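Here come two complexes built around chain A, the first alongside chain B, the second alongside chain C.
Moving on to the complex of A and B:
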């Protein structure tokens, strides 16, 4: 028996333009500028534009990441017309369907829609492959418009669809700042997108729900109350909603680096024989909707951060087919290490490769943080994957294996353009995992190195950073 | 060149982090009165 394998990965998007105003940045800026809300609303994309947006089609698995380099930019003006909403890895959900799942995820009667909206949502969801009859029942009948207005007058947060008021979400407690309507909306969005990712994963692979023993949530949101802020456990809540009845779970927190920690922990639990099948899940980051909206508005662009994202991965014991996680080549950023980019990437790339007798060129692809540059560059945040590939290539230059003039070629061969929404942990390396697994199974690649970084300093508990990496490699015991 | 100067060191996660700037400033004779790192993704 060899190292644990990756059986599959899923990626989903939920178009949420009416929730952009509730992202952290818009929510802070709108009160300062009476015209801003209208500017945001007039710069939102419709569902078709979000669906046909080239990086989203890559995220869902309908296009290869490298194809983006060949497509004319700006990508938002060069849509892939009539693209399917479903891809190899998952699908993009229209906002009204997302609102339906949000209500289904709510066990505490926090979310209320009008009767009219409820019927519209029920009709939109009724034919979906993931929906069960009891899901449609749990949508209820809806409330009267007067009742919704009454909740809002008592402090509930309004919910809109295509600009129209359709309902609200109420506070979960009269005095608890951790259970206010806006925070609960964020948390329910994580649960909902996490659930959709898990269901999409299990829909696409040949593994029964009852075989899953453990779920690890690597999302950034910390759910909890006044006595235990961030206490969790969203993993179990998602497992319950997803019907993983033989499973329990736990949350792993490390900012954007959590998916790397969670992957290594999942593989280790399987390698040690504790569990046979573990699902990693990461739900959306609602706070990051509209995060770069000022840069987009200044450049007359649509608001690009209008989607919530979710991902799920199934790790299993060695099946002698699927690619394996090399637990002997884990890269990690230790406390004693400096937090410069050079030091971090040395710890995550150069050291683990050297320690195992590999060179930079023995890896076919490096999957770094895959933030879509069309979102970040107009806001002055740079092209994150491009910068990472330059730094990774610089180690080859340092070792005399590459000329500095060849760094662009290095990026083309060993890297890829960013294609993930700027949803924090979601963008952190894993968006390529589905492609990597597929390419390795087809014999097109031997190994991919996944690396993530975490901005621990944002919590004001330490000034240090974080990082971790692992290698996915063709199955050494493969019988195929 | 930073002798007697007080410096606010504001770094960026994907660039140069605050503690690295702080070390440079101090090695050049300055005094760091604030050191932090921002993350823009």
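Moving on to the complex of A and C:
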């Protein structure tokens, strides 16, 4: 039996233009500028534009990442035509369907929609392949408009669809700052998108739900109450909603680097024989909706951060077919190391490769932070994957294996354009996992190196950075 | 944005006389935005330095002036890779533009 394998990965999007105003940045800026809300609302994309947006079609698996390099930019002005909402890895959900799942995820009667909106949502959801009859029942009948207004007058947060008020979400406690309506909306959004990613994963792979023993949630949101802020367990909540009845789970936190930690932990639990099948899940980051909106508004662009994203991966014991996680080549950023980009990448790329007798060129593709540059560049945050690829290539220059003039070529061959929404941990390397698994199975690639980084300083507990990497490689015992 | 607040706080506490900003941004465009922010003011008019003309001397860590002043071993270990991978000339040109702008004023 060899190292654990990746059996599949899923990626989903939920279009949420009416929730952009509740992203952290818009929520802070709207009160300062009376015209801002209107500016935001007039710069939102409709569902078709979000669906046909080329990076989203790559995220869902309908296009290869490298195809973006061939497409004319700006991609938002050169959208694809009549793209499917479903892709190889998952689908993009319209906002009204997302609202339906959000209500289904709510076990504490926090979310209330009007009767009219409830019927509309029920009709939108009724034919969906993931919906069960009891889901539609749990939507209830809805509340009267007066009742909704009453909840709002008592402090509930309004919920809108295409600009119209359709309901609200109430606080979860009278005094607890950790259970206010806005925080619970964020947390339920994570649960909902995590659930949709898990169900999309299970729909696409040949593994029974009852075989999954453990779920690890690597999303950035910490759920909890006043006595244990961030200490809750979204993994088990998602496992329950996803019908993984023989599973338990736990959350792993490390900002954007959590997916790397979670992947290594999942593979290690399988390698040690504790569990045979583990699902990794990461739900959306609602706080990041509209995060870089100022850069977009200044450049007369649509608000690009209008989607929530989710991902799920199934790690399993060696099946002698699927690509394996090389647990002997894990890269990690240690406490004693400097926090410069050079020091981090040396720990995650250069050292683990050298320690295992590999060169930079023995990896077919590097999957780093895959933030869509069309979102980050106008806000002054640079082209993150481009910068990472040039830095990785620079190790080869330093080792005398590459000329500095060949860095562009290196990026084209060993890298890819960023195509992930800027949903924190979601963009961190894993969006390429589905493609990597497929290309390795087809014999087009031998190995991919996945690397993530985390900005630990944001929590004001340490100034050190974080990073981790692993290699996914063709199955050494493959019988195919 | 948080950095803008920190810089403003430092200026409020210590004045601008003995203060210099060293940038580590990865391209000319972002270097320009930050250089403008600490000299003329936040071009996005959204942070604590919106409309605040600090006129601070600003350099990028890869500019020759900084490299010459730095410990060669630290420079080698922490930023030499950046020197290979980034367009140092374009970044320097952009940052110098704002340095010269404040000199003229």
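Quick notes on this structure:
By definition in this document, the second predicted complex is superposed on the first by the 480 of 480 C-alpha atoms of A that agree within 3 Å, B and C clash if a C-alpha of one lies under 4 Å from a C-alpha of the other, contacts with A are read in each partner's own complex, and residues count from 1 in each chain.
By our rule, contacts are C-beta pairs under 8 Å (C-beta built on N, C-alpha and C of every residue); 3 or more make two chains touch, one makes a residue touch a chain.
Because the structure is predicted, anything quoted here is derived from the model rather than measured.
When the two structures are aligned on the shared chain, A:427 is found in touch with chain B, with no touch to chain C. In the superposed pair of complexes, A:377 makes contact with chain C only, with no contact to chain B. When both complexes are overlaid on chain A, the residue A:465 reaches chain B alone and has no touch with chain C. Within the superposed three-chain model, A:358 lies out of touch with both chain B and chain C [touch as defined at top].
In the overlay built on the shared chain, the residue A:398 is in contact with chain C alone; chain B does not reach it.
Of the two partner chains, chain C is the only one touched by A:345; chain B is not. Touch criterion met: A:455 reaches chain B, while chain C stays clear of it.
Once the two complexes are laid over each other on the shared chain, residue contacts for A:49 go to neither chain B nor chain C. Judged by the touch definition given at the top, the superposed model places A:294 against chain C, while chain B stays out of reach.
Contacts of chain A with chain B, set against its contacts with chain C after fitting on chain A, overlap at residues 338, 340-341, 380-382, 387. Remark: chain C residues 25-27, 29-30, 33-34, 44, 46, 77-82, 84-86 touch chain A in the complex. For chain B in complex with chain A, the touching residues are 13-20, 35-37, 39-41. Put simply, chain A touches chain C in their complex at residues 29, 294-295, 298, 338, 340-343, 345, 377, 380-383, 387, 390-391, 393-395, 397-398, 404, 407. Listed in rising order, the residues of chain A touching chain B in the complex are 255-256, 338-341, 369, 371, 376, 379-382, 384, 387-388, 422, 424, 427, 453, 455, 457-458, 463, 465.
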